[in-house]
Amino acid sequence: MSEEAERLAYILRDPLFPCIQCGKCTGSCPISVISPHFNIRKLLYEILNSEGEDIAQKKEMLWDCSTCTTCVVRCPKEVDPADLIISMRSVLVEDGQVPPKIRDVLKSISIRGNPWNIGQEKRSEWAEGLEIKSIADAEILYYVGCTVAFDPRLQKIAKALAKTLAKAGINFGTLGNDEVCCGNEIRRMGDIWSFDALKEMNIEMFKQFPIKQIITSSPHCYNTFKNEYTELGIEVKHYTQIIPDLIKKKKLSFSKKFEKTVTYHDPCFLGRQNQIFDEPRDILKSIPSLNFVEMDRTRERALCCEGGGGRMWIEAYETMERTATIRVKEALDCGAEILATACPFCLLTLEDAVKSGELEDKIQILDIVEIVSQVID
Amino acid sequence: MNIQKLKDEAKRAIGRKEVTHLIGYQKGSYGFRISPIFIETKEELDRLTFSPLCSLSLVNYLTIEGKPAQVQSEEEKKSKAKKVAIFVRGCDSRALNQIIAEKGLSRESLYIIGIPCKGVIDLKKIEAQFPNVVDPAEVVEENGKYIITINDQTHEVPKEELIADTCKVCQYPTPLTYNKLLGDKLEGNPANYDDIQKLEEKTPEEKWSFWQNQLDRCIRCYACKNSCPLCYCDGCILDKLTPQWVRRSVDTNENLMFHVTRAFHLAGRCVSCGECERVCPVGIPLMKLNRKMEKDVKELFDFEAGKDPEVKPLLNTFNIEDPDDFVL
Amino acid sequence: MSKTRVGVYICHCGVNIKSTVDVTKLTEFASKLPHVSVAKDYIYLCSDPGQELIKNDINEFNLNRIVVAACSPRMHEPTFRKALRSAGINPYCLEIANIREHCSWVHEDIEKATKKAESILAATVAKASLLEPLEEKEVDVIPTALVLGGGIAGIQAALDIADTGFKVYLVEKDPSIGGHMMQLDKTFPTLDCSACILTPKMSDVGNHPNIELLTYSEITNVGGYVGNFKVTIKKKPRYIIEDKCNGCGNCISYCPIEMPDPFNLNLSKTKCLYIPFPQAVPACFVIDPDYCRYTLNRECKQCEPVCKELGAIDLKQKEQFIEVDVGTIIVATGFDTFDPTLKPELGYGLYPNVITGLEFERLSSASGPTTGDVMINGKKPKNVVFIHCVGSRDKTVGNEYCSRVCCMYTAKQAHLIKDKIPDAKVTVFYIDVRAFGKGFEEFYDRVKQEGIIYRRGNVAEVYKRGEKLVVKAEDTLLGQLVEVETDLVVLAVGMVPRADSNTVNNLLKLSQSSDKFLLEAHPKLRPVDTASDGIFLAGCCQGPKDIPDTVAQASAAASKACIPLSQGKVRTEAQVAQVNDLLCRGCGFCVEVCPYDAIELKPTVIAGETVDVASVNEVLCKGCGACVAACLSGAIQQKSFTDEQLLSMIASLGESYE
Amino acid sequence: MDSYILQKEKLNNFLDSLKEYEIWAPVQKDATTLFEVIRDFQNISLDLNHQPIISKSAVFPQTEPLFTFDNDAAIKETSPKEEKDTIVFGIRPCDARSFKLLDPVFEGDFPDPYYLTRRNKTALIGIACNEPFPNCFCTSIDGNPFSKEGLDLLFTSLNDSFYIEVITDKGKTIIDKASSHLTQAKAEDTKEKEQLAKASEGKIKRQINLDGIKEKLAAIFEHAIWDKFSSKCIGCGICTYSCPTCYCFDMQDESSARKGRRVRTWDSCMFAEYTLHASGHNPRPTRTERLRNRIYHKFKFNIDNFGVPSCVGCGRCIALCPVNVDLIEILSTIKEAE
Amino acid sequence: MSEFEPNIVAFLCNWCSYAGADLTGTTRTHYPPTVKVIRVMCTGRVNPLFVLQALRQGADGVLISGCHPGECHYLKGNFLARRRFLLMKNLLEYIGINPSRIRMSWVSASEGKKFADVITEVTEDIKKLGPLKSFKREIL
């Protein structure tokens, strides 16, 4: 074997040795349902039996995975297929063999510090008219996240969260236009080098302020800070983790009613990957007059909306049904008028599904914090 | 400290049938010196004293050669057993608790008169500041100052200048166990291991150079060992020839083994009375070793020696959740 | 004492040692070590001529300490000890230098390996020259055994011991013996009725003159040691006097309280005054105090008058403690089935038509809640899916092992479905089918011939679609996702250690292997022994197994447990702790660290004074040495591992032999 | 003999010219001043307010290897003859006198080559005690803070200079090597020195009349005072190790499997192990017997054997004792004991 | 001069680590010839003072290895050893001995490969540090 082949075998193949080909991964994979050529077990098997450099020659199908990690948490032999996908993507990134849209994202990251190819000066656009402190004058950092900061729909989440935090008397601030991408998606696109650079940059920046806690609106940012910024040393919370406590301590009270039937979609990066299942439900259940119902597949069994792992930037299989569409149907099946979630990516994909299914009059997609901000004051 | 009250209490103690004798402090033979006194009759009571000069620990005298008889039966416990009365400060009471936890003494064999202690004077410091004092000197503490009387002349010295280093970080000035307490309870200092941490942060080479410099002057007079209230084995392993853990040769390396053994044997047992450091004729900062162990024991195992005689000694127990990250 | 004369013997082990260690040089080196009278090398020291060589030298050179440089002491220490004994010197005057596993086999460079061997040998000689002769003691054995657990393993073990002629106490925590086997319908691969083959054995137990049956009882304390265990047993109050109850059952109809039937896994109801099942041994009723209105609130009491004649009902019964002395103990505490709620994707607990294999047994059993008709919501299922490996071979729930019975019981249950509902469609999802036992593969063939579909794939999810359940998996042989609509999902749950196993393990001081089942003394050669002498394992407490294996192991444990009972004496550990009274300060540190309660403080007269001094019970001491390291004054030492001996090794290893 | 003046700033030059000697001098380490071999003259501490301890180790080291051996039974003696010529600089007069008391012990019937060789090669340069310490009682025991007994040279600290008196030929040799840094002492210097000596003697506060002590001791072997004084003794070795006249030693073989050595180390009669027999029997089982023996040795047995008490009145055992076991107090009590 | 080969004294418990080291041999897994084993029945027997005693008598490093927590043949010896050893390690580190020289590991009877890995790692670490000169007894 050549040295390069040996290296690839070491990164890609060797971690797969415990695999017993039971098929749990493929069976669990939300993408396999809609994309028959994406079979993660088969990919593992092929790599296990391949020798040398051809390991990396693995295909456009790599970009299908949404890194929801259902396969990872369910694998009985603790193999990490999602990590394989990321490693293989990184080999492709290293070789420059990436789809144009991905290339644009990576370029935008390196030039602009966000994946959306928008100028950083627009980052705090959402906060206009609100009196948001700089983190230099506060102790808790609200890390907004690129997508929430730039997307006009999602900016409502930021506004709602800022309002809620202010209402609860939390001394928070933001990095303003200095905020840069957390890198969660970038890492999952395989650009581990940019991720490392972003990580270093962010930690360096955080250290300049006496930050006690970081609050994120996106589970994706939360996940990477908590699990992948190993040297961070600052407590990180997704906002759904702090609100129940604020309610309990009476710092937040709901003066209005929300007379709707609501169900909740578990974002993969919050539930499956970080075991945050109860807190979002606790928030919804504590809202006056809100009728909370569950879909059949919830919590550990929740279906991924396909928004992660770079899938926000890649359109795939227009002929196929999107999982988000299936998810919206499931919500309708349980009688919900509102499908709540707690992730900006989920919100976008689910809303797309509602629009393309022309279901706007039947169901509405909201972030939990949007509901919360409607019932306070 | 009201000396008359102390004498009265001692008198009451001595007056008890079961009390065979009382161990207390008296003025020493010259200058600032204090001497232990062993009182059996009321006539000697007048020599008792207590002052900031009483830096020596009396606990040692309970175990040094033949311990008071162990009280075995329940019947004996009903106060018919012979008792020794003793004056103790906060640190001494912890030593007693620890020895009782180790079954070295039984609580029933002791009549403890507790003295809340504001800290004692480091003899080396006061004798350096007032050299060549032969005539008996008196010291009282007033408002954060020591009033020192030598030959009818009084001097005032800020407490900070003379107080023993160990007392500066004393967490338990008030005795934790006693039959009688003389005076009001005092508030302890918070735990402070800044000095230890400072040394911990040095490089291995710096640490060794520090210790080498200290250890090479040890003359192995065993005063540290013999003065320590917790060093009361009938035969110390450091004295033994088979096996010989430490050679009789006195050099830095053997001294190192001697002091590491001592520090380790005191881990979770040292009560920070500072006796070892006080008695060392060559000024080795032995409490820096003992306090390191004390700090670790507290941080790693949430344990403090001598707080409760019912608690099992540290190294005889374990917690499944003890730190494990250092193990390969 | 005579002069120390050490003989050193260096084994070539064929080429195993010789090819990496220069044995000639090593022998030369050894001959110059202090106290060494003779040093020799030989091709195979463990062979008869090898041992003869040593024995002859002992006589010829008047040797009194022997060092063998060879393989691990874990291999041949007993062999060479025997040789020493037969040559007339104490077998504990032997020390082995491991120059094979720890040297020749792990190094390549001959020069370095030889140097290391020299170092090992010198240290071993240093220790050997300080060794003292030791004696093993003998103690009498109480000719009685105790069996913990009244499942098939405990029943078999108790019967075997009782038949050998020794008295047995059989302790069972439930009101009746029988265990899990009693809950099963048919057994694979022979399809015998489980209860039919078990109940005769149960009544044998009930009637055996040598067996004292203690049901509804638990052990609360164990002291002593092999040959002389003292066990305290708590008899829980059953509120029925066992000797008086004749099992007539007249009382039941008067009991107003219903509760879930534990024997039927809560699939049906029973009264809180109940007999677990009709064939229960003892045939005696019991009142569940968690449901009975009298035991809870001191009201009701409707049952008591009914039994006026026999007077068997006693609602004021209290728990009782019995102390028994036994020579050996067999642990047969069994298993729990895996709790499938830990695999949320399979929907157990969420969908009533997802059930476990054991629940299926009750549904299928003629004595079960449906009298043997497999019914779900009152309907016979037409589509049934079985799922393999639930909670087994699965690191996500911490169970890495294969439970060994699920493949076959699933095959049996699939057969039972086909038998009872011939037009049912039965699908089995499997990862591998393990049909390794006698008649297993044949049974698997038979079941497949009955039309049962085996699809290879680990089921990913179970979810609802309308009234039906959908089982989703990848058929890995097709490489396709499949969804199977079904009326009933049966989870082939594996076996796990009993949830309450820690209590018993701690009382008996038993260790667990990494799978949390009880650890045997040696996985191959001592499979029913434990690390504690006189305590043996039988059945699933040691690891998952089927009925024939359990019965075989139970008989094995019984015969092992009978060895000390019939010998009447046991030998104790020789390398035990001993106390130097003069150095002991009576602090009891050793007492506190001893895992076997082998040390106590005893008042002893030292120099005319009575003081507390540690004293070692040499029968209880297992020779771990924890006390030695705890002792500050060096008063307690472990024979053959004294401070002096270990320090001599340390000193020797530090030295360079350039 | 002659007297000289050495300006204090020239002390280092003076010592520089004595390079061929190994020089021992007091060095201050934290609160303690100990004698040790000097490599850098800056370290020397002649502070007259600090009583330096343990000068005896220059001639009688705490640990002295006697010979080495190895597994082939070859014994190699450590030859004391290889020692360099040595100067103990800054020794106090009482310490210098102590060597006079040690010499007969090591000369005896079996002359000890290790001690004697080193002793012969060692010159003692004393410094007079302008400021006696609180426990000094040398004047009660045939000594004096300006005593020349046992010294080769005596320095006296004047304002800016040292007044140097040559006492022996050894001293003269040293002076000759460093004469370029010295000037002859003038009469007023001598006068100043004598005034200091007189003043110093007057400053000694603790005194005791030791006449008849030997006979008194012989009469009170069994007496309650021994229990009284020993009850507070903790049995450490500070008094004996810091005593310039204590010479007890132990000899042990230190060996590993392959080689070893025999060493002589200080021992202390205050240790329980000191008289512990192999049988386990201890003729001095408690602190009472041990403390009594120390006093008897110094003030009876030594007088029996050598005509003088084994004590120079330096007071170090008193000053360093952690529990105020006070030799003067003991001696006074003995004198008055019935 | 040839490359510095550390001299490492290892205390292995009979039931796990010693057996594990045997398995390393049985499987012919190679590791550096730096480690010399003292067999004890249980890590609970290891007096922490052995560590310094070994270091000052010529060892460049000391390893104590026993059963994984919960798997002690004598139930709790390894827990006691862990506590004692951690304190001794901290104390020696405080004196100035590099902690890389004082190691502890859990190696079970089945972890032959791990034993080799541990020895290799410890050897490499100590090689980097060089011989332990300052702490050696003057005359061995």
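Order of writing sets the chain letters: A, B, C, D and E. Residues in each chain are counted from 1.
Here is the rule we use: a residue touches a chain if its C-beta (ideal position, glycine included) is under 8 Å from a C-beta of that chain, and two chains touch if they have at least 3 such contacts.
Being a predicted model, the structure only gives us computed values, none of them experimental.
Novice: Give me the chains shared as neighbours by chain A and chain B.
Specialist: Chains touching both chain A and chain B: C.
Novice: What is the minimum number of touch steps required to go from chain B to chain E?
Specialist: 1
Novice: If you tally the C-beta contacts, which comes out ahead, B-D or C-D?
Specialist: More contacting C-beta pairs are found at B-D.
Novice: Would you identify the chain whose C-alpha centroid lies closest to the centroid of all protein C-alpha atoms displayed?
Specialist: The most central chain here turns out to be E.
Novice: Compare the CA centroid of chain A with every other chain's and tell me the farthest one.
Specialist: The most distant chain relative to chain A turns out to be D.
Novice: If you average the Cα atoms per chain, which one ends up farthest from chain C?
Specialist: D
Novice: Hey, how far is the Cα centre of chain C from the one of chain E, in Å?
Specialist: It comes to 31 Å between the two C-alpha centres.
Novice: Between chain D and chain E, tell me the centre distance in angstrom, where each centre is the average of that chain's C-alpha atoms.
Specialist: 47
Novice: Compute the distance, rounded to whole Å, between the mean C-alpha positions of chain A and chain D.
Specialist: The computed centroid separation for chain A versus chain D comes out at 82 Å.
Novice: Two or more other chains in contact with one residue: find those residues in chain C.
Specialist: Residues 582, 593, 630, 643, 647-648, 651, 654-655 of chain C each touch two or more of the other chains.
Novice: Specify, in ascending order, the residues of chain E that touch 2 or more different other chains.
Specialist: Each of 48, 53, 57, 70, 76, 80, 84, 140 in chain E touches at least two other chains.
Novice: Listing for chain A: what residues touch at least two other chains?
Specialist: In chain A, no residue touches two or more other chains.
Novice: Under the definition above, what is the set of chain C residues touching chain B in their complex?
Specialist: 582-589, 592-593, 601, 603, 609, 611-612, 630, 632-635, 642-644, 647-648
Novice: Given the complex with chain D, which residues does chain B contribute to the contact?
Specialist: Per the touch definition, chain B meets chain D at residues 28-31, 33-36, 38, 56, 60-61, 64-65, 124, 128, 131-134, 213, 217, 219-223, 225-227, 239, 241, 247-251, 278-279, 281-283.
Novice: Would you tell me which residues of chain D are touching chain B in their complex?
Specialist: 29-32, 34, 49, 53-54, 62-63, 131-135, 203, 205-206, 231-232, 234-238, 241-242, 250, 252, 254, 263, 265-266, 268, 271, 273, 286-287, 318, 320, 322-324, 326, 328-329
Novice: Mind pulling up the chain B residues that touch chain C in the complex?
Specialist: Per the stated touch rule, the residues are 66, 70, 72, 102-104, 232-237, 240, 242-243, 245, 265, 312-313, 315-317.
Novice: List the residues on chain C that touch chain A in their complex, please.
Specialist: Where chain C meets chain A, its residues are 344-345, 347, 389, 393-396, 431-432, 456-461, 463-464, 472-476, 479-481.
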